[in-house]
Amino acid sequence: MSLSTAMRIGLTALLLVALDAGIDSAGAQEVDAREIVRRANDLARGLNSYSTASMQIERPDWSREMSMKSWSLGTEYYLILITAPARDKGQVFLKRENDMWSWVPRVQRAIKIPPSMMNQSWMGSDFTNNDLVRVDSLVIDYIQTVTGEETIHGYETYRIELMPLPEAPVVWGRVVLWIAKTEYFMLRAQYYDEDGELINRLTASEVKLMDDREIPTRLVMEDVKKPGHRTIMVTESVDFHIDVDDAFFSQQQMRTVR
Amino acid sequence: MLWTLAWRNVWRNRRRSGLTLATILLAVVLGLLMRSMQYGSYDAMIASTVARGGHIQVHGEGYWDNKSIDRSIRADAATLGQIMTVDGVVDLVPRLESFALISFGDRTKPAAVIGTDPTVEHRYTALADRVVEGDYLAEGQRGVLLLSSLADYLGAKVGDEVVLLGAGYRGQTAADLLPVIGIFDLAMMGNLETGLAYVPLVAARELYAAPADQVTSLSVMLGDGDTAWATADILATMLGTEYEVMTWHETSKEVVQQIQSDSAGGIFMLGILYMVAGFGLLGTVLMSTMERRREFGVMNAVGLRKGRLATVLFIETLALVIVGVILGLLVSLPIIYWFHLHPIPVSGDLVKIFQDFNVPPFIPFALDPGIFVAQGLVVLVMALIVASFPIVSIRRLHIIRAITGR
Amino acid sequence: MLWHIAWRNVWRNRLRSLVIASAIAFGLLGGVFSYALMMGLANQQIRGTLRTELGNFQVHHPEYPADRDLRYALTDVDALVEEIRALPGVVGVSSRIVGTAMVSSAEGTAAVRIAGVDLEHVGEISDLAEKLVEGEYLSADERIPMLMSRETAEDLEVRLRSRVVASVVSPTGEIVYGAFRVVGLFETINSVFDGANVFVTREDLASLTGFAAGAASEVIVRVQPRDTTLEVAAAVTAAHPELLVRTWRDLSPLLQLTADFTGAFGYGFLAIILTALGFGIVNTMLMVVMERTREIGMLMALGMARARIFWMLLYETAFLSMVGGLAGIVLSVAVVGYTQRVGLNLQAWSDGFRAIGYDPIVYPESSTAFYFQVAGMVLATAFIAAIYPARRALKLLPAEAIRADT
Amino acid sequence: MPVIDARDVYKTYEGNGLPVHAVNGISLRVEKGEFTAVIGPSGCGKTTLLNMVGGLDSITSGEILIGGTRIDSMSGRQLTDFRLHRIGFVFQAYNLIPVLTARENIEFIMELQGVEAAERAVRSRELLEAVGIAEKSDIRPGKLSGGQQQRVAVARALASEPEFVLADEPTANLDSRATAELLDMMLEMNRQSGITFVFATHDQRVIDRARRVVALDDGKVVSDSAAR
């Protein structure tokens, strides 16, 4: 089924990483696992950013590259504008709380994505529409436990295991995150189903200075069960100091944003 | 002379022979009509299955299990030409289909959007006849044909422009604004959770951002449906492993099973009918054997071997049955032929049932020679069984008792 | 006396009588069994669908749409349920919240209808608890339990105890997400139903979607006997003209047609068999007449009225048919009774059967009244069939008849 | 060599649990050219004797030789062929095949023997002339009188050119005139062609004209005119 492999958390991670430059590393003394994840997530909340990125979708027999600009306000609001390739240029995605709209210049219409489409792939990538909508799930839907410390690419990380709360609306049986101890960015995330089988793997690398802070700029989301299926997201620039409020994230804005 | 004897005996008791003939004739006619109707309905089911999917479907490898537009194939003129050279292939129906959101006003519903060649599509599915409002699609036209329930949900009328939005080829955005050319009605089984829409093939490629010549399926139409398996093998070998080639038996397993189960039921009923007719025949044969016991005794006494005597009797019964079968065929043929040409239209609620089974609302009669041959053979086998009873009685014939009538 | 002679005559030629009686017996067995099989299939489908899925009738908000929008709800539904429960003939009433949901696991997503059932009363209207192939029914002891079909579970690659996420559009139009735990897997005779339905508790679905307390989408009512459905439904309509009350016939026209046509088809087949049997009887009796030409002539010569000879032959036919008919009915009762008890396994076509909602294990059924009808039909056939031979006997001239040389 | 040579023949039935000795040690020789009547009251065993001699019935003990060939140990099929080629039968009830004409009834036997069609036609005509009903040759038995039918039966019996003709009560169903004519005809054939006739009869008219009379009672020969 083409709806399979919902990588709904992937983009959460993307956003977390993209936004976590706001972290106050001095405050990271506490090693309570829940606190680490919450802190990373809180960093995303209430922060506004503008970034440019490219996304490469890789499949065994083809690959495709896209460029985009995105604006965000916490995890509740964001706007993504596709800038390349030509066919997709100008397409806008707007997320407001639990709803998502798509604006397509070709048809000059904004369409609300219905529930039945939420698990569909986003722009043909290994992310789903849901990944863009339910971004704070990692904090609120799981019990987090630090289960170890590892060094990845020279960064000291906590290995944090997330077990879903009994009634949390998440499909994963277990999530394991590797979060840098001092910088609080995520370097790896692995998603398992209820039988303990690894389904998705997200890896972050190429930590670079963006705006005023260092963040991993290259994210790779792999579909472990389908070799050769992966999506690579490369952050090209970030401005962590833009001035937007929730009014910016409107259907009107979808039509005019460039 | 034995033949003469057999022949004259048949005519000796005309009324009895006539009744025997009538019994066989009735069995053959009823059996043929029943079977013809059954086969007719199977033909209709298969025809509707084949019309929608072709005798054979060619897809990209793995498409059937995972219907993604990314598993579509290139159906350029060379490929099509190559397929057309295969013996028995008479036509190809290219389709490019995937799911997209269809939106009008503030209503949005996912639907299967099928890109097809309007002319070829109509040739097989008579889609144009299903149009209840507006017009049918024209080749190269930018427009969409909506299923009536979908149009109702959206509140879209002919002439309105609806938005189609979805994932296109290789993850590209599939988006288009197309006018509703027509609204069609199609009786379908199952839920109406998803809608259905047709667009011309070119518009579908544009919508899904698929390259020219790209299709998700090629329905191969054959001159003779019976060659589907063989032709599929040829195509599979010819096209190689990047393609999957499936016959309608594989793509519509439930149709095959429905036909099988219904046919089994029909055969069961025919069995009963023939059993009843067989008993009638047996009664006649036994009577005639008993009546002529004395005659048999004499013939045996004057030197006719029992074996040959039994042969005569056997031939007699068989001759009668063959005549009965032939008469039955002669009577049935015009009836079946008439109904084959003029299928009985069903009325009222039955129309719905027929449509639910995706067949036209007619009681069709099949004119398959196989039915006639099979029925004839079945009756003959029954006759052979019945005709062997006199052989037993001849074997047990006691000459003296037979002659003296004791 | 006439009866006596007739009865003796039946046994004059045992073999012949045995043959025709067997024909009648086995023909009836076949016809009755086919009828019972068809009725079994149809009734199982109807009963199963009513018992598992539809109930006898349902009550909805008048604007309750085909796409099951949660906005249109019945308020104060528990009072309505109790009110309907008080009506005579009602054996079960329960309310449900019904919406459309996407159910996802880590490996897949399925579009389904989600029903939140009232645990206290659901057993009255649905026997789904008996259709479980794994696990347990929903219960208050479980947190967020969900039932899905084995088929859906396989699609989603989930097992018992797995967590799935359902997304539903709430009455206010928001998408809400809820986790559920699969506590049981069911399998009914209808694969379409199986693929399209999941069940949770009414409380869980209400709290997930923010449904108002005491509100529900529908009330399902079960009535016994089935043919009082209309009356009871009419009583509800009368008391609540503002509500939409629809019987299973309205809800499933296909089922209605199955109910209406299966019996007719069964009788039709029986009629065909009886026609064939009639021919056999005519044949046999004609033989009897010819065989006894001399004897009948003698009786006439002795002064026996033609009418009495006519009746004597009719009685003889009647006896013959009664012997066969009785044997056939006894056989049918035995065979139908036995298969009704153990069931007939038609698994070979189970996919095809389940696609159209038939149970692959068939329990043929018939009624005492039906057997009486069959007996009547046999007698009628016998009398009609005896008329021609009896009339032939009457045309004999006594003098010629006596001289006749067999 | 005698045409018929029955030696100490017994025939025992199992009737109602008690053995019935239908033929109780009969020895009988019939030479070629005889015209013999076997007589006796009903149940004396004459029909049984004829049936055994004609290969229609089995024997309990003893030997039967026809033209020097033992027939008592033959299989049913061998006996049938033997009857076809060596014995002619005339029955009380004529027993012609109703669907065949007089001529066809005669030719039927020849055809079974494998005689060519041309020869069959010639011989059947001769035979019909011999029995004096050539003009009825294309009429079916049902349309012939009893005497005529029996003539056809005699012709049929002779059609196979048998060693002898066995006739079981051939005149029982005939009136005096027909009986006389039939007997004349058979005597004529006996005289002219030396055809052997053996009758089972209690018809005095036949007995009167027989050359040899064998009387049976209780399954035994009680007198034999040839023995005198």
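Lettered A, B, C and D in written order, each chain numbered from 1.
Convention: contacts are C-beta pairs under 8 Å (C-beta built on N, C-alpha and C of every residue); 3 or more make two chains touch, one makes a residue touch a chain.
Please read all numbers here as calculations on a predicted model, not as lab measurements.
S.K.: Give me the chains shared as neighbours by chain A and chain D.
M.R.: B
S.K.: In terms of CA centroid distance, which chain is the most far removed from chain B?
M.R.: Using the mean of the C-alpha atoms as each chain's centre, the farthest one from chain B is D.
S.K.: Based on C-beta pairs in contact, work out which chain pair has the most and send it over.
M.R.: Per chain pair, the contact count peaks at B-C.
S.K.: Roughly how far is chain B from chain C, going centre to centre by Cα mean, in whole Å?
M.R.: Distance between chain centres: 27 Å.
S.K.: So what's the Cα centroid distance for chain A and chain C, whole Å?
M.R.: 56
S.K.: How many angstrom lie between the CA centroids of chain B and chain D, rounded to a whole number?
M.R.: Chain centroid spacing, chain B to chain D, equals 67 Å.
S.K.: How far is the middle of chain C from the middle of chain D, if each middle is the mean of its Cα atoms, in Å?
M.R.: 72
S.K.: Please set out, as single numbers or ranges, the residues of chain C touching at least two other chains.
M.R.: 100, 111
S.K.: For chain A, give me the residues that contact two or more of the other chains.
M.R.: Expected reply: 1, 114, 116.
S.K.: Which chain D residues reach two or more other chains?
M.R.: Where chain D is concerned, no single residue meets two or more other chains.
S.K.: What is the complete set of touching chain pairs?
M.R.: Here the touching chain pairs work out to A-B, A-C, B-C, B-D.
S.K.: Under the definition above, what is the set of chain A residues touching chain C in their complex?
M.R.: Residues in contact with chain C: 1, 3-6, 98-99, 114-116, 118-119, 134, 164, 166-173, 191-195, 199.
S.K.: Can you list the residues on chain B that touch chain D in the complex?
M.R.: Listed in rising order, the residues are 1, 4-5, 8-9, 12, 294-295, 297-308, 399-400, 403, 405.
S.K.: Which of the residues in chain B come into contact with chain A in the complex?
M.R.: 66-68, 70, 101, 103, 106, 108-110, 163-165, 167-168, 170-173, 175-177, 193, 209
S.K.: Give every residue of chain C touching chain B within the complex, in rising order.
M.R.: Residue positions touching the partner: 13, 15-16, 19-20, 22-23, 26-27, 30-31, 34, 37, 66-67, 100, 111, 113, 192, 196, 253-254, 256-257, 260-261, 269, 272-273, 275-277, 279-280, 282-284, 286-287, 290-291, 346, 348-353, 355-356, 406.
S.K.: Which positions of chain C touch chain A when the two form their complex?
M.R.: The contact residues of chain C facing chain A are 100-102, 104-109, 111, 143-144, 155, 157-159, 162-169, 174-179.
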